[in-house]
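Next come the structures, one after another.
Two complexes, one shared chain (chain A), two partners (chain B, chain C).
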Partner chain A sequence: MTNIQRDKIDIPVTSFEEVILARQLVRELMERLGFSLLAQTRIVTAVSELARNMVVHAKDGRLTATKVTQGARVGVNCIFQDSGPGIEDIDQAMREGYSTTKSLGLGLGGAKKLCGEFNITSSMGKGTKIDITEWVK
Partner chain B sequence: MARLNEEVKTILKSKQTDILDLWKKHLFTKSKQLIELIGLDNLNQRTTNFLTQFIDALSIGDDISQENYKRTREFLSDLSQEMTQKNLTPSETAMFVFSVKDAIFPLLMAEFDGKKFVKSILLINSVIDQLGLVTIEEYLNSREIIIREQQNALTETSVPVVKVWNKIIMVPLVGMLDSSRTELMLETLLESIEDTQAKVAILDISGIPIVDTLVAGHLIKTATAARLMGTDCIITGIGSKISQTMVQLGIDLSAVVSRTTLEDGLKLAFEITNQKIKLGE
Partner chain C sequence: MSDIAIIKIGNKIIVPIQNELNDIIAEKLQASILKTIESVGAKGLIIDVSTLSIIDSFMGRLLVDTAKMAQLMGCETALTGMRKEVVLTLVQLGLIISDINTSLNIEDGIELLDRIIRGRND
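On to the complex of A and B.
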């Protein structure tokens, strides 16, 4: 694997191996940006959930993660974009215990609780886009 | 399809010994390592065989997927496999084939003049290039096989079940718990419970970087299955970061007993199984 330090991650997420890679890359990026270990664990867990969702429900997921700044604040932004079937009822999907597969049904709602900013847009048949941002405290 | 000029073929056959000598001379300067690995006697035999097969096959044209090239291809595949196992670089193996050009072309050029045999030279050139690719492809295949074997070796060692004490077993979990590995873990664990009649199974997750809903789901499933066999599961190695993350994520592990350290987990296991260790004076 390359050791090139990247401030922008742009990778396909179509297999469980790539979910692991996504986690590692995001963790590396956050470490470099100065996030605490707790924040790293939280966001990487969220990345794990959202990236895996793309593998399970869509076939052509993609993760882009970048460093963002706002004045003196530094943060990380991750975008999960797929062109899968889309989510019919987002509120229902976010609810605890709801799952179309046999999983625990905590992933999507849980991921939202783990991140500072969480935005989801989805249209049926076209795909889903989830945009999360976390700032260094 | 382009075929080899009969005249050229006759020349190649009659000059086979010269070509062979020139080829070996090039090999000695360019591919020393390969020669060292094969050995001199072996080299003489192999180069002779290769050249005979190669010149015979040439007469049908440059489609190396044809039956006539079968032996040449197999020969190169075997050679490439052997060299890969001996850690020779793919370029050196490919050079074995490519240096045939350096032996054939000077001879042909000395023999003929003009454009008459350009076609034949192009044909030979194309065949040798393709044969060079055969060795590279075989190199990749061999590497893939090695990688797959190593992967399998990793999964096999990834779920060791350790008997710690009478009625107590432990599974140290490391890395990513995907579905296939969890299945393996579940199976090995339940079999060990049956074999050892363990009453407590300790799952140590210190080596797992992240507990997301998938991992948690797997842990709960494992604990439930063990429970059905009358065995309690203790999960150890949940650090402060992971515990906070799990709460936020909404994972409920209250059905499973957990401890921060393996030490605490062991103490609890002794209590559950009603055992005491007596320390010497």
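On to the complex of A and C.
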């Protein structure tokens, strides 16, 4: 099910086309929330990496992106949840250059560097959940 | 599928990327760029990325690889119009694009390539 509202996006990410859609929708949301162009570029790049990882390495991926507030602060939170194989050794997967698909292995570690807050939990055979938050400066 | 124009001008080909490409279309574009370099014997390749609002590790690597392959075919590449936010993000991501020629716009890119091609023939 696809659900796109003003301050909340909830979409499946199972194809490269949906990776592009995820990027566009997060950018629009961040624009509305008043993020700088640089912040939009950084977070949308991270979204692209994490969304692609769900397509390449997992299945049944979903992205939920929402407006969050904390006192006067406004931010965006994105949750990438899949039912893929999970990641056995998260530290290893996060390391630059580690890839099980002979790719660059930049995606996961790179995405973390691009986001203010980054949380990853994974369980073998069940799936992976990555939760990122960025606040408007 | 969005068709991307590959424009031949003199000894160069120019590829203005018009919109965000998904991974499969980007790989097809790489293949058709290399095919065109071969068939027209291009000495210079300009890939204009000014419309791309992001370049992630996949696209970044594809661009760097395309430039390397073009070079092996005797064709120099200039990447033109990369937005400054995109450059900053690529650096932060850890993708090194310093071994690829870049220019502010297509016009500067043509000049740069002319200089490189001339230098090589001297």
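Methods note: the second predicted complex is superposed on the first by the 132 of 137 C-alpha atoms of A that agree within 3 Å, B and C clash if a C-alpha of one lies under 4 Å from a C-alpha of the other, contacts with A are read in each partner's own complex, and residues count from 1 in each chain.
Convention: a residue touches a chain if its C-beta (ideal position, glycine included) is under 8 Å from a C-beta of that chain, and two chains touch if they have at least 3 such contacts.
Since we're looking at a predicted model, the values are computed, not measured.
Of the two partner chains, neither chain B nor chain C is touched by A:Met124. When the two complexes are overlaid on their common chain A, residue A:Glu49 makes contact with chain B and with chain C alike. Of the two partner chains, chain B and chain C are each touched by A:Gly107. In the overlay built on the shared chain, the residue A:Val136 is in contact with neither chain B nor chain C.
Residue overlap on chain A between its contacts with chain B in one complex and with chain C in the other: 16, 20, 23, 37-38, 41-42, 44-45, 48-49, 52, 96, 103-104, 106-107, 109-110, 113-114.
Within the complex formed with chain C, the residues of chain A that make contact are 16-17, 19-20, 23-24, 27, 37-38, 40-42, 44-45, 48-49, 52, 96, 103-104, 106-107, 109-110, 113-114.
Every residue of chain B that touches chain A in the complex is listed here, in rising order: 176, 178, 209-214, 216-217, 220, 240-242, 244-245, 248-251. Residues 20, 22-24, 53-58, 61, 83, 85-86, 88-89, 92-95 of chain C are the ones that touch chain A when the two sit in their complex. By the touch rule above, chain A contacts chain B in their complex via residues 16, 20, 23, 37-38, 41-42, 44-45, 48-49, 52, 96, 103-104, 106-107, 109-111, 113-114.
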